[in-house]
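In what follows, chain A forms one complex with chain B and a second complex with chain C.
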Partner chain A sequence: MNKEKYSQMVKEMTPKENRLLNMFIAFFVGGLIGVLATFLFLQLNKIYNEELAVAATLLILITLSAFFTTLGIGDTIFTKCKCGIIIPITGFAHSVASSIIDYKKEGFINMGSNAFKLAGSVILYGVVSAVILTLIKVIINV
Partner chain B sequence: MSSFKYNNVYIKDYETIAGPKEKAGNLEFKNTINDYYYEEENIEDAEIKMQEFCLDKVMKRNKKKIDVVTGGDLLNQIAITSYNLVNKELPFLGLYNACATFNESLIVLANHIESNLIKNGIAITSSHNLNAERQYRFPIEYGSQKKCYTTFTTTGGAAALLSNEKSNIKIEASTIGNVVDYGIKDAAHMGAVMAPSASNTLHKHLTELNRSIDYYDIIVTGDLGSLGGEIFLKLIKEEHDYVPREYFDAASILYDDPETFQGGSGPVVLPLVLFNKIIKENRYKKILLLATGSLHNTLMVNLKKTIPAITHAISIEVIK
Partner chain C sequence: MIYLNAFLLCGIICLIGQIILDNTKLTPGHITTIFVIAGAILSCLGLYDYLRDYSLMGSSVPITSFGNALYQAAYTGFLENGFIGMFNNLLSTTSAGISGAIFFGFIFALLFRVRD
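Moving on, here comes the complex of A and B:
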């Protein structure tokens, strides 16, 4: 059997993921996190000014996410929620925490260099796209 | 000619150990571990300990002079097997053919024994879910989104003593497989990667030994998974018009848990199922074992290369 025919056969036999359901779960869970964050923000805003309240909200979400990951239950919850928790800021903390757990027995240097194994590309491309967008903004304003 | 017939090679003794998820699965095991760490500091040490357990049991029960130990595992540069044999005064041939390593080890030993170069040899192998997860996929605690056609690396260890002394399990023939690549790039779809190589080796085995597919009471593939097994059956029907009398995939029967998706994976799957199901149930006389291995690493997958695979065949006769 040639490669094209084989890949066609494999494609036909491979079951399809239920993308619509996955998308709905991710949308629902992601939305819930948004609701939780808004609630936190409104409460914190009573004590702190707006800027500080936003920072504190993000901090709480990150800490919670890393906390669940280190307890060892994060991966189970996160897998069940599809991309609902991975995509928001909670996913970032989770990826760093899980990488650190993996390398904690290999010494501080290895742990440090591997901590951003998954999150590194988010930081890099986040900064790069911020630079590009800022440039565009400056040019348009001129 | 890469197929061999043997007249005086027997599996004299064996030992297996299985992990927690396997314990909760469909098969009953004599030895199991309750957690992935097996009372050790690291998961790597846990895997070494599992392999050591099997090797020690087999050596203590038989008190034979072991001429050669062959075997391998999945961890980088087969570290587990090498570290297991440190200062044990055992001559060692380290082998790697991914999940086909166990059959490869049996073939090397069987050829040595048949040619009267050695009398007794032990084949060992192991795999560990967390070790494989960390090496091939994502950090253990990351719990990435898995595709529904993926497989779950099996935790366990196995050792088999091969000897020229008679026993009721005879290794009767073998075939060394070719490296086969049908252009699949998805490392999660290992069943589809390995099925063509299983078909290739099956055809080679039957033609070189001049046998028909009905010669075997059952054909067992190593770790294609449920979907991989279906692809294999369809492929051998279309390519060579083979329909086996009975067939199952060892990996597909291990678990009873939807989180393992298509079933097990790893070099330890075939010995676990062979010794804890096929030999134990004693229903079949002529058994063909096709151990399938996917020969990729993360670098080659990241370079978007297609994934090659290999399959080694071992024919076993159970003497009642």
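Moving on, here comes the complex of A and C:
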């Protein structure tokens, strides 16, 4: 079998994803999370000030995400909703929780050292870009 | 109105992510990292405040807010206490997200029998 035929076969065998549907799901699910967060924020803002209410809302979303991930339902939701749930902070919590769970069998130390396997890049590049951009801004302003 | 704004902003950010995911070979890991850096750049250009005014939670929930919060914390830290202040302040505002994810991920992993 030559290469061309093979690549054609691969193309035919790969399940076609409906991109338009995916886009709609991502938009809708992401939007719903935004609405849920706004609802929680408005309730919590009655007790806490704005800054704390935002933090509390994010904490609730993170807790829910970690909870669903450990129950095993998380992965089904995450593959179905795609970016609608990966881009919000729920995706961050999901990646931490799922890497902790994946290494649970290998003992406590392995669990700890692998906790940031997926979420590490978010923190690393976030910190690096924040520092570089701050320095650029300071230099420009001077 | 406040709900509609949150729905649209959060939805559109997720939609952009989905379009990138479907049309390129980038993994979700790439996309979240790109979004964090994009959030920091938007914040540096002063554009993230407009999103924040449009919808507070719609701009706080997507991962772009992580980049925004890191940059704002670093910059205010630099203005207050210089170079050391920048590093001292850097993770202060994102602390809730990171420590929450670690703590609850760990506790839930211990408490529940994980299904394969």
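Convention: the second predicted complex is superposed on the first by the 119 of 142 C-alpha atoms of A that agree within 3 Å, B and C clash if a C-alpha of one lies under 4 Å from a C-alpha of the other, contacts with A are read in each partner's own complex, and residues count from 1 in each chain.
Rule of thumb we're sticking to: a residue touches a chain if its C-beta (ideal position, glycine included) is under 8 Å from a C-beta of that chain, and two chains touch if they have at least 3 such contacts.
As the structure is a computational prediction, the values presented were derived from the model and not from experiment.
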Partner chain(s) touched by A:7 [first = chain B, second = chain C, both, neither]: first
Touched partner set for A:115, first chain B, second chain C, both or neither: second
Which superposed partner A:41 touches (first chain B, second chain C, both, neither): second
Touching partner for A:83 - first (chain B), second (chain C), both, neither: both
Touched partner set for A:134, first chain B, second chain C, both or neither: second
Partner chain in contact with A:97 - chain B first, chain C second, else both or neither: both
Chain B versus chain C as contact partner of A:19, first or second or both or neither: second
Broader residue contact with chain A after superposition on the shared chain, chain B or chain C: C
Residues of chain A that lie at the interface with chain B and also at the interface with chain C: 17, 69-70, 72, 82-83, 86, 97, 101, 118
Residue ranges of chain A in contact with chain C within the complex: 17, 19, 22-23, 25-35, 37-39, 41-42, 50, 54-55, 57-59, 61-63, 66-67, 69-72, 82-84, 86-89, 91-93, 96-97, 100-101, 104, 111, 115, 118-119, 121-123, 125-127, 129-131, 133-134, 136-138
For the chain B and chain A complex, residues of the former touching the latter: 41-42, 134, 138-149, 182-184, 189, 192, 196, 227, 230-231, 234-235, 238-239
Chain A-touching residues of chain C, taken from the complex the two chains share: 2-3, 6-15, 17-19, 21-23, 28-29, 31-33, 35-37, 40-41, 43-44, 55-58, 60-63, 65-67, 70-71, 73-75, 78, 86-87, 90-91, 94, 96-98, 100-102, 104-106, 108-109, 111-112, 114-116
Complex contact set, residues of chain A against chain B: 1, 3, 6-7, 9-10, 13-15, 17, 69-70, 72, 74-76, 78-79, 82-83, 86, 94-95, 97-99, 101-102, 105, 117-118
